[in-house]
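So, here come the structures, one by one.
Shared between the two complexes below is chain A, which has chain B as its partner in the first and chain C in the second.
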Partner chain A sequence: MAFAQFVVNGLLVGALFAAVAVGFALIWGVVDIINLAHGEMVMLGGYASYWTITLVNGSPTASPGLALASVPVAVAVLFVVGYALQRFVVSHVIGTDLFLTLLVTFGLSILIQQLGLQAFSADPRTISVQFAEQSLDIAGLVVPKVKLIAFVGAVALTIALFAFMKRTRTGRAIRAVSQNDEAAALVGIDVEHVRAVTFGLSSAIAGGAGAFVAMILNIQPQMGLIYTLKSFVIVVFGGIGSVPGALVGGLLLGTVEELTAGFVSSKWTLAVSFTLLIVLLVVKPQGLFGEGMGGEAE
Partner chain B sequence: MSTETITYDDVDDPLLEMRDVTAGYGNTTVIHDVNVTVGDGEIACLIGPNGSGKSTLMKSIYGFADVFEGRVRLGGEDVTGRSPQDNLRAGMSYVLQDASVFPGMSVHENMLMGGYVFDDDSRARKRAEELYDEFPRLGDLREQRAGSLSGGQRRLLELARALMVEPDVMMLDEPSIGLEPRYIDQVFERIQQLNDLGTTILLVEQNAEKGLSVADRGFVLASGEIKFTGSGTELLNDEEVGRLYLGG
Partner chain C sequence: MADSNRRSFLKLAGTTGAIALAGCSQQGDNGDGGSGDGATTASSGDSGPQTITLGGTMSLSGDNADLGKLYKQAYELTIQRINDAGGVEGGDGNTYELEMVLRDDETDASKSKRTYQELIDSEGIDYLLGPYSSTVTLPASAVAAKNQKPMVEGGGASPEIFMQDNKWIFGLLPTADKYALSSVDMAKAQSPSAETAALLAEDDTFSQSTAKGVRAYMDNQGVDLVVDESFPSGTSDLSTNLGKVRDSDADILLLAAHQKHAIVMAKQLESQKVNVDMAMATVGSLNQSFKDETGANGDYVYGPSSWAINADFEDPVYGSTSDFASAIESEYGNTPDYHSAAGESVILTYMKAFEQVDELTPTKVRNAIRDIEFTSAYGNIAFDEKGVIDKEMLVYQWQPENGKQIVWPEAVQQSAPVYPMPDWSER
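Up next, the complex of A and B:
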């Protein structure tokens, strides 16, 4: 039973990792940037949701409805932040040296953290979602309602992004740019705009995930790094640029970490995750679903 | 035969004109003071050695390269520096020299991307169906991933995709490059058919004899400058052009 409980816990938290990683995969696949500031989008999303609820309610305590209503706010705010970052900063280093793009996004990460510290202080904060009963009992397994909401929300964000990519005109343009940017310009796609929209979508989904993170964990301005690292592991697990791969990779990583924490020690979770990453890179470098480095976003 | 043999003023009904165009990329100038005029309904072929600026000339027309001086006109309208989106909407399309399909998309999705500038998808779907009637082989392959097509099939897809916008003028950069001889003949037959239907063609072709043989008008570009102009036949028969550029 303990094993099943750890797996359930892992899947619940893994969906959030997956939603964050899906955005990371999208930027990597389309814009060809490893965005080291991606975790900061999770942080900003958490604060956007936290402050929305605090402004409406006067405190960070919310009904499930209000908590859910704050998620689209975080998504919208982070879309604008992501679009602007790409258009005014990152676009200037696209196509240059990989090291330069890493430095720029690392610099952005530090800058956003510092601005976060100035604006929000280092105090950890969380959104308290009020339920009559905090947990469900399903076949003897404990499922916290707030984590279940976060799980459903994160999966919904990921599926919505997948559907957007497959079914909309902008989604097709994003896929086109990821596969052949010169050909995309040839058929009349504004490549710079599409890249900025992609960055915006990636940040938006990370921001939405951040809103859910704020409901189940503490948020603080320097929380982003761990989400960037986990996203990196998940994207390599799932395959570069593969949205379904990121979803499966996220669920897998969450499960592995919970099993490690449950049966070994929580101190070993990152070590086990990165060991798996190294093994996978040696055995199947293209990831579970991807086409290897430079694969397309789908 | 010289640059004075045919000038832009000799063309009765010019559709595409470059006047004194100097163009390149960033700080690098590739073509200098170029004058090219293509009449409505003509096939024009641009030949020249590798690195002479042929592709840059086309890119400067389409908005992919920077025009530093001079003007580009389409149907009398100044289109200098206009974006590819606007050029497509105005009836100009372009097929690149390099593979320009979207390899992870199906043939049909690639065709629909050719109609990306249309305001509604239904128009693109309708136009794609019309083109499948003209290119039945593509219709048969519509669900196949473009990345798995042969070189000839890919070239056919690029041509058909460029026709999605029903262009008045079509620019083709090295349409025969990398193709087996049987596909080269098919591609040139198709170019001739398109021209017969009224599409004006500007062609860059490494296979100079093949290109000039179908061309109403030819231009020889070397070191970024137009060195010779004339009808396709005149250039093919010119001794100096033959010696320098046709291997004769």
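Up next, the complex of A and C:
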């Protein structure tokens, strides 16, 4: 029974990790950038949703409908933020040294955190979603409703991205750029625009996940780092550039962490996750679903 | 303000005079406190009262000058009040006036250390007032130990200060290991009395120190610790740990962590269907922002605080906490906070010790401080074997109708605790 409860807890929170990591995988795969400011996109998405609800309601307390309605706002705002970051900042270092891109995104992460501290203060904030009964009791398992919504939302965001990449013209253009940017340019694809759209999409999904984080946990200007770290682990788990890999990787990481917390101790969650990562890198360096380093985005 | 500056100047001038005099007329105190003995107790004439000089450094400029000022105010005003009321009735049968030499250390630890040695060597100070902040206090306390002079301080709370096997230092700020103890006392005193507890602790130094203190205390008090979990600071989801608390049927839950975890706890207690009689968070549960973010989920949550202006304790000099607060306000124009109250009690600790010793020597005064027990505007004063105040923390609870209320200790409570917290199904 305890085992089942820990797995449920893990899957519920793992879906959020997955949605965050999917965007991280996308940028890594297509734009070939390890975006160290990815966690800050989660943070900004959380605040976008928080302030939307506060503006509408006068307090960060929302009905489930309003809470859900704030997610597209966070997605839209973060798309614009991501697009602009790529177009005006990150594009200048693409194709240069890997170290330089790390440095630029790291700098962006610090800058956004500091601006966040100025704008929002260091106080943790949270959105309270109102239900008559907060949790469902399914066969003796406690399932918080807001987490279930976040789970469904996070999976939906991930699947939507997957479908977008597979079915739309822009999605195909993104995949073309990821395979060969020069050839893509030759057939008339605006590579700069496509890269910026990819960055925008990546940030948008992270922002949507951030809105859910604000509902089930809380948000703070300096919360981003742990999400960037987890994304890194998940993407290496799942395979660089692979959207399904990130989804499975996220669910797996969440489950492993909660099982560790449940049966051993929370103290060991990070150690266990990173040990798994190292083992996987030794045994299957391309990740569970990946084509190896620099593999194409699916 | 100009008036009080003038007074400080006169006091300093007087002190210097007294010390100069002391240089000429040593009283021949045969204590074991070192060569400076007796120099602080100077007779200023046959009929007049004798004087005891307290000395120390304070952050009167530099980074912590704004807080240093609060200690200076409290020291000065308390000494003045004691002297105005006739001075200290020493246990040796003499009546003493108190004087103070307070030097600026510029919030600089090495300057402070140097100055303490100077105060002992050239001013003959036997009774030391501590400086402000742990960084400055730690080296200063070493000077006190080396010269075998007692130091009572209200400005350093780092456990490191009290881990040096220093027999001469006494601190009035509770260290982290004391934070959760009075909540356990409160839960034990309620009906039904708490018998089992769950402890969730963040793995940072402060929280682990709190956890360690309360673990030992509960063991001592016969409270059974049924869940004892630590989690990394980066953990943002407490569901699995709270699930353990739910399944353990613990009577009380103590969260030793910071505000973000306090908020998650308040949210997830409901979603994880955890019903405990008391849920307490050591840090961050008493800010208004905690309540704003958690709304109704923050109701009934407890938190500790070392001092409150409206927890009215009896005070031997001012009358009570509120009288102390209004005295500081009318004299200096600012509201006192816990720094001020701790500063006041530094002086009172010496006063009480002087009243109890049959002979005025640093060692006897130090020994008297070890056994001291009294109540002041700051609360109950007594020291543990390491020299840290054995202070009963105040316990607050968020109550739906009255807001944040002091609920423990009973002597100063504003409202009775709502204990047990209502189950989630009844809210």
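Worth pointing out:
We adopt the following convention: the second predicted complex is superposed on the first by the 298 of 298 C-alpha atoms of A that agree within 3 Å, B and C clash if a C-alpha of one lies under 4 Å from a C-alpha of the other, contacts with A are read in each partner's own complex, and residues count from 1 in each chain.
FYI, contacts are C-beta pairs under 8 Å (C-beta built on N, C-alpha and C of every residue); 3 or more make two chains touch, one makes a residue touch a chain.
Source: prediction; values computed, not measured.
After overlaying the two complexes on the shared chain, residue contacts for A:Ala261 are found with chain C alone; chain B is out of touch.
Once chain A of one complex is fitted onto chain A of the other, the partner contacts of A:Ile226 are limited to chain C, with no touch recorded for chain B. Legend: residue contacts after superposition of the two complexes on their common chain; A:Arg125 is shown touching chain C, with no touch to chain B.
Contacts of A:Gln179 after superposition: chain B is touched, whereas chain C is not reached.
In the superposition on chain A, A:Gly188 makes contact with chain B only, while chain C stays out of contact range. Between chain B and chain C, more residues of chain A are touched by C.
After overlaying the two complexes on the shared chain, residue contacts for A:Arg169 are found with chain B alone; chain C is out of touch. When both complexes are overlaid on chain A, the residue A:Asn9 reaches chain C alone and has no touch with chain B.
By the touch criterion defined above, A:Thr61 lies against chain C but remains apart from chain B after alignment on the C-alpha atoms of chain A.
Residues 64, 83-85, 88-89, 94, 96, 98-105, 109, 112-114, 116-117, 121, 161 of chain B are the ones touching chain A in the complex.
Those residues of chain C lying in contact with chain A across their complex are 203, 229-232, 234-237, 239-241, 243-244, 246-247, 259-260, 263-264, 267-268, 270-273, 287, 289, 292-295, 297, 424.
The touching residues of chain A, when paired with chain C in their complex, are 2, 5-6, 9, 12-13, 59-61, 123-126, 128, 134-135, 142, 144-147, 213, 216-218, 220, 223, 225-226, 258, 261-262, 265-267, 269-270. By the touch criterion given at the top, residues 169, 172-173, 175-176, 179-180, 182-190, 296, 298 of chain A touch chain B in their complex.
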